[in-house]
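Heads up, the next two complexes both have chain A, just with different partners, chain B and then chain C.
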Partner chain A sequence: MGGRRFSLDWLGAIPFLAYVAAFLILPSAIVGVGAFLDANNSFTLDNFVHLSRSYIVTSTIETTFVSAVTALLGASLGALLSYAIVTGSPNGLLRRLVVSASGVLAQFGGVTLAFAFIASIGPAGFVYLFAQSHGVDYYAHGIWLFDLPGLNLVYLYFQIPLMVLVFLPALDGIKPQWREAAESLGGNTWHYWRHIAGPLLFPAFLGAVLLLFANSFSAYATANALINQGQPMLSQQIAGALSSEVGAYEPGFAKAIAIQMIVIVTVVTVLYTVLQRRTSRWL
Partner chain B sequence: MALTRSVQRTRRLKLQAFRIAIFALAAVFFLIPLSAMVEFSTRANNGSRTLEYWQSITTYPEMTDAIVASLQLAVITSFAMLVLLVPTMVWVRLKLHRLNRIVEFICLLPLTIPAIVLVVGLFPMYIWLGTNLSDSILTLALAYVVLVLPYCYRALDAGLGAIDVKTLTEAARSLGAGWFTVMWRIIVPNISNAILNATLLSVALVLGEYTIANNLLYNNLQVELVHLGRASAGTSIAVAVGSLFFAFVLLVAIAFVGGRPRRQRADPVAAVAGPLQASQA
Partner chain C sequence: MSERAGVEVRLENLVRRYGTVTALDGLSLTLAPGELVALLGPSGCGKTTALRLLAGLEEADEGRIVIGGNDVTGLPTNRRNIGMVFQAYSLFPHMVAWENVAFGLQMRHVGTAERKKRALDTLELVGLGKFAYRYANQMSGGQQQRVALARALAINPQVLLLDEPLSALDAKVRSRLRDEIRRVQLEVGITTLFVTHDQEEALAIADRVGVMQAGKLEQLGPPTLVYSRPATPFVADFVGLTNRMAGTVRGGAVEVRGASIPLVHPDTPDGPATALVRPEAVTLTGNADGESGPLIGTVIAVAFLGAVSRVTVDLGDTTVLAQLPTSAASQHPAGSRVRLELRSDPVLVQREETAPVAS
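Coming up: the complex of A and B.
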């Protein structure tokens, strides 16, 4: 009786587990196995050897660089914005609007964001036209918007809102009484941030930087909508190897690049964990 | 006494100045590109204002098809997500407590696997689906359900955490309610806010999805935006602004219907740190 009931209970979870197995685990397994197969489905390591092609190495470095820069900048600016929000009314109109807007900008497609920048500071955008009519030509040395510097700028547009979303709860946890307690013991603002708020918030901040890094690292839509020539980002290299348009349909290679991406994210995560353990000792 | 009061006053003034400066900078950075889109989509060749681009949206059948497809996908995805997730989460809470952490881990997993990586694995599966079952764009919903899992799990988990599922269910069962009645008339009304939250998040995500559709060669709203952007930038930007504001209005609606700042929504923080740490532990 007991055994039968136990197995019947498990039936309830089967639809969910089956669905996830089919559309999450199976695709992941296809990537994991397929990276070691050649066109004839026999074992090979060639896909990984191809990772040393110069354009992949360049992409890897540039993607990592862009992700690191936008993660650090986005986290710092987003933290400042979160602090400005959290010092206001917790149920205020401003806070709700900013949180909702952050939700849209952090999630909504990169295509729209790319368009927004093309329409504003792009060569036909009103900001550029205005600057040009006042004698400032910020594209004098080339249209950097459609290149890596532009990518950094546009990525910040969804990194900062994501930081606001993930950092607000951490800031909400800081009690004003702690500051009063610090003051009643003779501490000043610097002491408060150095010894109380800073150490409490630092792990959450580091975690958010990691999340932002992974977010930029896997971004594809923005880069694809902004940059027409070349494929500077790793995600675009995967798409290139998958599509036959470019002439090189290499599904095995696409899977190898995919695994490389996961490995890099994992390495960053491990570094983060080590760093977090260290900092809990320093602070 | 007077001294501390004046110290506090200067500090409050400093804080106000800081907040105003930050909000002003944020407004410049975030509102200029957005208003530029509105400006661009209403700019006529001779420099005057026109609604021509907005009106011409309907003259591009590919675009209207893509909008309809994306809206259908949003509805199907949200519905499938709820049918899959709500009963499972309730069941796990009631009967399979040891599965709780596994379900959570699985639901948050898509956050750590980039969509572009998922596409690589889905590619052969969709080739098979297309030749054997259906090549309709609506099959994308199958993949989208996985994409929205983390966000919807967090929203629903917060909702279920706020009610006593076990007591409510036992009370209903002891009064003779069947499982369907329990779900439909007891659980669902009690977590209606969380369900609304999860639904609107998945709608926003599906309407903004580009990576999977583009690489599986389906023309959804975002893919069509890029295509049309090459032919008529003005029209394309008009549609982009329209869909962005549509999503914004949806999210503002949750923020106000919810009645409080959506704190649980922001939880992917903890959520993300969790599976990342677990995956390499």
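Coming up: the complex of A and C.
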């Protein structure tokens, strides 16, 4: 009587919490501790000092560049596609088709995706052979598919659908009355986008760019399957430091690179969360 | 807020089709300067289409729109100088109240200081001076609609359009804001078109009420006339409650259960018809225990509506609604036997459910 009943509702979350503990918290803790250990399991900061090695700095820059380019391009193209969907019928075929396809394609990656591109537009792919037979040689200046430009293109394949999934709810939140109100008050299309829709959608767009950046930044399998010359991406550098093929087995260093990536992705994710919160207040 | 004289607004033979559906079928309507006309009708009757054509948000297939003597039929919305209040949620959510109100002034290149002053003045006009720095999500639905009203008025429009502005509000706020809109409209003197499906709202606020059905204006007139002298059975049915009582037309009157009631249209041909009788034209007299007759029945329900009550009486083959002062209705509790009297106010009759009698 009068006592507070102990709620057991949280019991339902146990499987999820166990999953998070086993596959997120525990590995992160292992990485976090291991980054500060040397080969003899003694405390060291050397692993972090080694992050200034030139090839790591280059990888960081290239990973950031690829992530930024695919995030900005993916967000722009995905936003345009989302806009096309929103301006169509709410239950139309285009919307159902694109949303369903985006749900699948946003998760498409790794060896399968790399192979799809190699088999289609690669140097022996059917698209390339067809284009070549019609006088078009898009590899005339070198085979760019297996380098950073190719990686950008392949990443866009999952970045654009992800943008559609993330940005569509924000566009759906834009009410037609706002445009009509702006027009009745003397505004034109430019005024509407400049003063109403633009400011309302900008946080959502920026947040989506950050999410796409993090998505690209942490990708590994696709880059590894596509690029066989060098290891331009940071995630590949981790794999390299864990591999003993060239006698460079440095698990502590690999974990330091992972910490660097975790920090960057965490910062990006926090910013994304802040922007999402702002968006949800308005839309 | 400067005083201004309203302008005349003319909708001339407007037609609007959506594919095979004709939403507006030759609507003609003239609003006198400073007048508030309410368009009333069920969903899909074309009232909102009429308002959207006047606003320029849609184009008419045929017809003309004239505001203040100028033909604006081909003008886009942003060049018509109209103020519009939408059903709900039309405030820009990322702007505080005064910024919302100032938006139209910004579009007219009014300087920052001047537009803020005018926005604050207009917010005072609608009683929201203290809410100038609040976002839409920090205000109630009624407050948001008042800001929307201020926003529409701040640009000194020639015409004010209200598209069911009260429909998303609860009853008490709706009634208060309705009066507020009327007060401001009279104060500003602006010609106003008010679209609603709520008859009480239309009758309470308008100088004239236009009842629409199937894209046409069934009747246009002062609220009292529309209510007491409906031009068509549809108007009688839609505006207020109506008892449909079987009877026979004979010599300019209709005989209903032994009572003779004069007709609105005395030239109606003789023959069987359904009389449309208002509940307030039905009165209950005395206790009729043990009696029988065509106008004697049993009270089956009494609905308390405040000053008046609505009594449902079962006459055996039909039920009849009577609206009485609550003090009178309380003398006839459910189960009591009563005698009905039909007041001799002129009524409309209908031959069939769907075929109104020609006037």
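As a working rule, the second predicted complex is superposed on the first by the 239 of 283 C-alpha atoms of A that agree within 3 Å, B and C clash if a C-alpha of one lies under 4 Å from a C-alpha of the other, contacts with A are read in each partner's own complex, and residues count from 1 in each chain.
The rule we apply is simple: contacts are C-beta pairs under 8 Å (C-beta built on N, C-alpha and C of every residue); 3 or more make two chains touch, one makes a residue touch a chain.
Because the structure is predicted, anything quoted here is derived from the model rather than measured.
By the touch criterion defined above, A:208 reaches chain B but does not reach chain C. In the superposition on chain A, A:86 makes contact with neither chain B nor chain C. By the touch criterion defined above, A:51 reaches neither chain B nor chain C. When both complexes are overlaid on chain A, the residue A:187 reaches chain C alone and has no touch with chain B. In the superposition on chain A, no contact is made by A:275 with either chain B or chain C. When the two structures are aligned on the shared chain, A:175 is found in touch with chain C, with no touch to chain B.
When both complexes are overlaid on chain A, the residue A:200 reaches chain C alone and has no touch with chain B. Common to the chain B and chain C interfaces on chain A is no residue. In the complex of the two chains, the chain A residues touching chain B come out as 9-10, 12-13, 15-16, 19-20, 23-24, 26-31, 34, 80-81, 83-84, 87-88, 90-91, 94-97, 99-101, 103-105, 107-113, 115-121, 124-127, 156-157, 160, 165-170, 172, 189, 204, 207-208, 210-211, 214, 217-218, 220-221, 224-225, 235, 238-239, 242-243, 251, 254-255, 258, 261-262, 265-266, 269-270, 272-273. Here chain C touches chain A in the complex through residues 55-57, 76-84, 86-87, 89-90, 92-94, 103-104, 106-108, 137, 148, 151-152, 155, 161, going by the rule given at the top. Listing the residues of chain A that touch chain C in their complex gives 175, 177-178, 180-188, 191, 195-196, 199-200, 281-283.
Partner chain A is touched in their complex by these residues of chain B: 11, 15, 18-19, 22-23, 26, 29-30, 32-37, 39-41, 84-85, 87-88, 91-92, 95-96, 99, 103, 106, 109-125, 142-143, 145-146, 149, 201, 204-205, 207-211, 214-215, 222, 225-226, 229, 233, 236-237, 240-241, 243-244, 247-248, 251-252, 254-256, 260-263, 265-270, 272-273, 276-277, 279-280.
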